[in-house]
């Protein structure tokens, strides 16, 4: 339920307005340097900032409770705790029962028979993704030690588009470097355009979605399995865990549906003695297994369901229809903040898959 | 690797040109009637037919080796064996080393260090999906007993489009009924148009992809988990197991990326005393959990990589670039045949999720 | 690695001298009352006390960080944190390298390549069992709501024996009640005899083992699986997780090896309309599945490896043989403290198995 | 349920009187030579023979249906089928309802709600262990390639005892060699004594149990996990899967309960530059992890429940008490036949654990 992975696992816990959120990262190789400053830096990329994000401010003061000793992973489970601050729980009890459309209020109520912690989305809150980012930072560093790099950027939002790593494979290495140096995850200079687009919908009391794109370079060929643990399937399951995700496609994805084999197939070639493909329409994966090319996938992010306009809904306690007028602090778009979450999540499952293939000491 | 599921599991085995393929379906509730004629009928929907499919003909004479007694499941693992017939293995040894572009030849070679069974795609062959369909037939019947129905149809191929269940929720029940009565899975009368489109590319020595759409009705609210076992994630992992799948989206999926919250959100309402949503842009899932509306998702299917045109590739035994001229029997498109595979695969994971929630005897 | 269970899982983390230890209990049904006083009471049964235990004193001030709201489980993962107090880490660095015989020092060093947290046994420390007891308290209460009761007592230690639940089935219900009311887990009035035996070996700078026995009453028939998830196998795996355990036997266990079928078989009978067996040599389990009789098993607990006598050992940093003289605080016997740990651990896996059979809401 | 393992898994299927039994071994490294003659030889060790076993004779004509190509494992799942022959199903329908004491008839009936295949024990039959032996033969060969050897012998039966590997570590290597060359698994020349003891109880219309002992040599230090995947726990779960097993102990096991630390602890020493322990009371495992010494454990096997004497029981269809007079072919003891099953089962989980630590190609 709240655990993912086979040899390296991540377990999440916490609620938006509870005492703390956190994660347990287990199975991670002993002897990986843990850089708390890097974790803090990664968390800062997820943190709300500027006019495009929620006004809820948290410092994400994380604490590594176990599994790290003298600056290195010990091989024991790593528990990271992030206390909740700046919670305003009082707001929630009086609106309980009013199901915010496209939120989990109603489904949580059904699933947990009325015992759900409803404050601020409870366990469904995007707040928990901070724990993914903190744990993912350790995984990202471990992967870097093996030459694997990950970057996620906003591919499109509000009509503004960034460079496409799927068709511009040569730009990926540079792009990831650019992304790692910025808090607004775009390669081209389109921060302002996207910001303006988001502020536009926000001023309209509305929200907006977008497409984000992830690229992984340096991943060896041979990772993944033919059927149920295909690289696509494992990544997809991990990415769909993140709230707001409604679609994923690898390589050219849905565009492949309109192509023919002659143009969609990626011809193999030899470059500098290495096996490559001339195009990368399959996103670096053949038969569920990495082929040594960059792995590229796009994630569809829906508009934040919390909007300030009036909405029709029901009260599931009374069974009546009602009008909902949301107040409070909300993100008009999560495309910026979700990028680091996806990279972090994917880093963890890649560590797992590399360990399965190469053994539990490989990542050191 | 070749096993999926938690309380109800499916394990696959077999190769295209080995002795047999098959599946073990474990954890299925005891006391479910097993209708061998229905299994045969489901298999016939996957079987090649007409001008649009491969000329390889197999009768799929399955045998239930265990787990069924006096016509009912016993609760013990159900092993289904489908012997391979009509194999022409001689063709393959001489072309071994030539990596078919966008196929698994190269990645299998890397992963299995040269020990892979390369005949006809070996364990990667679409042939193994027959075992999914056979096992899925038992799951589909079990679900029907609980009022859950599944249908998958070709939403678009070669420029031809079928009705969209995401925007026409009222047409779903009827649509599924139509689909179950036909071997060409479309609701509207577009069989001929799609067939012609496929024959067109085939005559061009090419292949074509498409988008298929799946709808699930009657699924109770409350199925799925907030994070890693979200209904989207579990379905996505299962669907990406099927060869040729490169994308999946729930509800309006990638279109949501261009929408705003005001139009994307699905307002809740009460209809005949039941909680419903007025639109179904989220495909029946909120916060990873079913909300009682039809679950709708689209799957992107790439063009079959086997085409009869010359292709540039490498020989991974020699490390040289070569030209590949494929002969043999291939599907110019798999959109028709994949529909029943997706429905079958999804039926199995839904049985699992319903059993997790309601107990191991629920499905009887 | 540090997670056990299928539908209900327990994840452990923490080290003896780290910041905190804890557990994540996931999948537990929503709506179970959480009684913090009961958790504290259970923890007090594990806490050192009197002359027979280590002098290390901790108050086990646990904090439930998530998954409980308004006094009830919410269905989200329950994270319980127990901060470490009263640690004396300074002692350990100077003896690092000296492998305490029959402890995990050497194996941890090999497994974690020298990155292990070696202070006080690190992640191997019995201290982590406090987290099992805290999480288990919630499970024990949930089981009580379903009529399932668990008790573990010292069956034998230092030549002193308690009543045997395997041969005195009629005494079990009363025995469990007695055990729950005491901190020294024996049914008969043998506390003093056992204490004296332990103090005797302690004065001899030595330690001692024992056999503890667990009984489970009220467990419905039909729990367990024929092969790999046999009730014996699932319980055994859980119990072997606890340090110091070197054997487990169900019913008459090893004594069955010397019996014949005519005396070992448990004849079925009808008592008050219910199916029972006249004897319970099989410990309530036939074919891996509970038969409705009390489940009874014995656990072999080895003498605490930490003793104050000089011992021959090696220094794994130098590769030389050395003499080890342990100082510090140690338990001369853990048979008393392990009883509540075993009951707690077993309660969690029973909750899991009952949920698998009866659904995720069954335990409410 | 019927699948065990993490990176290498075994799935069982089949019933005593169904069409066939079999197993799927998945995740096994590609490139391991598969010796069908060796598999047949291993199966012959499990087969009934002589006066001490059941008169049911089967040739165990196994067929490897998938996963092996040109004599080597391919990395794909290996399905092995063993057809059932010589079944006499007619016997069973008329006695259905009469619960054989200490058999699974009643518990299967409860668990599967009357849909169980009751013929000859159905899926609970010891017959299925032939599939474990066949799959285990591949694992045993893979382990031998890494210097790991396994042997299981009858330690005691009917008052006759064999050499104890726990106290005679120097005899293990020779002992395993002896065991591998014989079909009656004892090291000393006690075949006749044990045979006579078994024939004695058989003539008395009774059955008998025993203790079997397993030794593993050449296993590297560092295998296992501190808590839930302790080497003891993983082996115990696998061994309890086998019918008739009611206890397991590692090293001196239950005898440790009566020892003190000074005699129970195994002092470390250096021998020929390698870390060893002078005694092996802990059976080669410290803190759940292998320490490089031979792993030794004993398994308690209960008397075969099928005996020819009259027994008191119930008819669970009528709810009445009845007298049971069993006819048919039964083993008066399974201690001989179970030895190869335990070795095979343990070989599979060891392959899994070695792969987890050293990667999926390690075993080649």
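A, B, C and D are the chain letters, set down in written order, and residue numbers restart from 1 in every chain.
The rule is simple: contacts are C-beta pairs under 8 Å (C-beta built on N, C-alpha and C of every residue); 3 or more make two chains touch, one makes a residue touch a chain.
Because the structure is predicted, anything quoted here is derived from the model rather than measured.
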| item | value |
| --- | --- |
| Label of the chain whose CA centroid is most distant from the centroid of chain B | C |
| Mean-CA-position distance for chain D and chain C (Å) | 27 |
| Separation of mean Cα positions, chain D and chain A [Å, integer] | 45 |
| Chain centre separation (chain A, chain C; CA means) in Å | 38 |
| For chain D, residues contacting two or more additional chains | 1-3, 12, 76, 111, 123, 226, 361 |
| Arrangement of touching chains [line / ring / star / complete / other] | complete |
| Complex contacts: residues of chain B adjacent to chain C | 6-7, 76, 226, 356-362 |
| Sites on chain B touched by chain D in the complex | 1-3, 9, 11-15, 18-22, 24, 26-27, 30-31, 63-67, 69, 72-79, 81, 111-117, 122-123, 361, 364 |
| In the complex with chain C, residue positions of chain D that touch it | 1-4, 12, 99, 101-104, 106-108, 110-111, 123-124, 128, 156-157, 201, 204, 206-211, 221-222, 224-230, 232-234, 236-241, 243, 245-254, 256-262, 264-270, 273, 275, 277-278, 281-283, 286-292, 298, 300-307, 309, 311-314, 316, 319-321 |
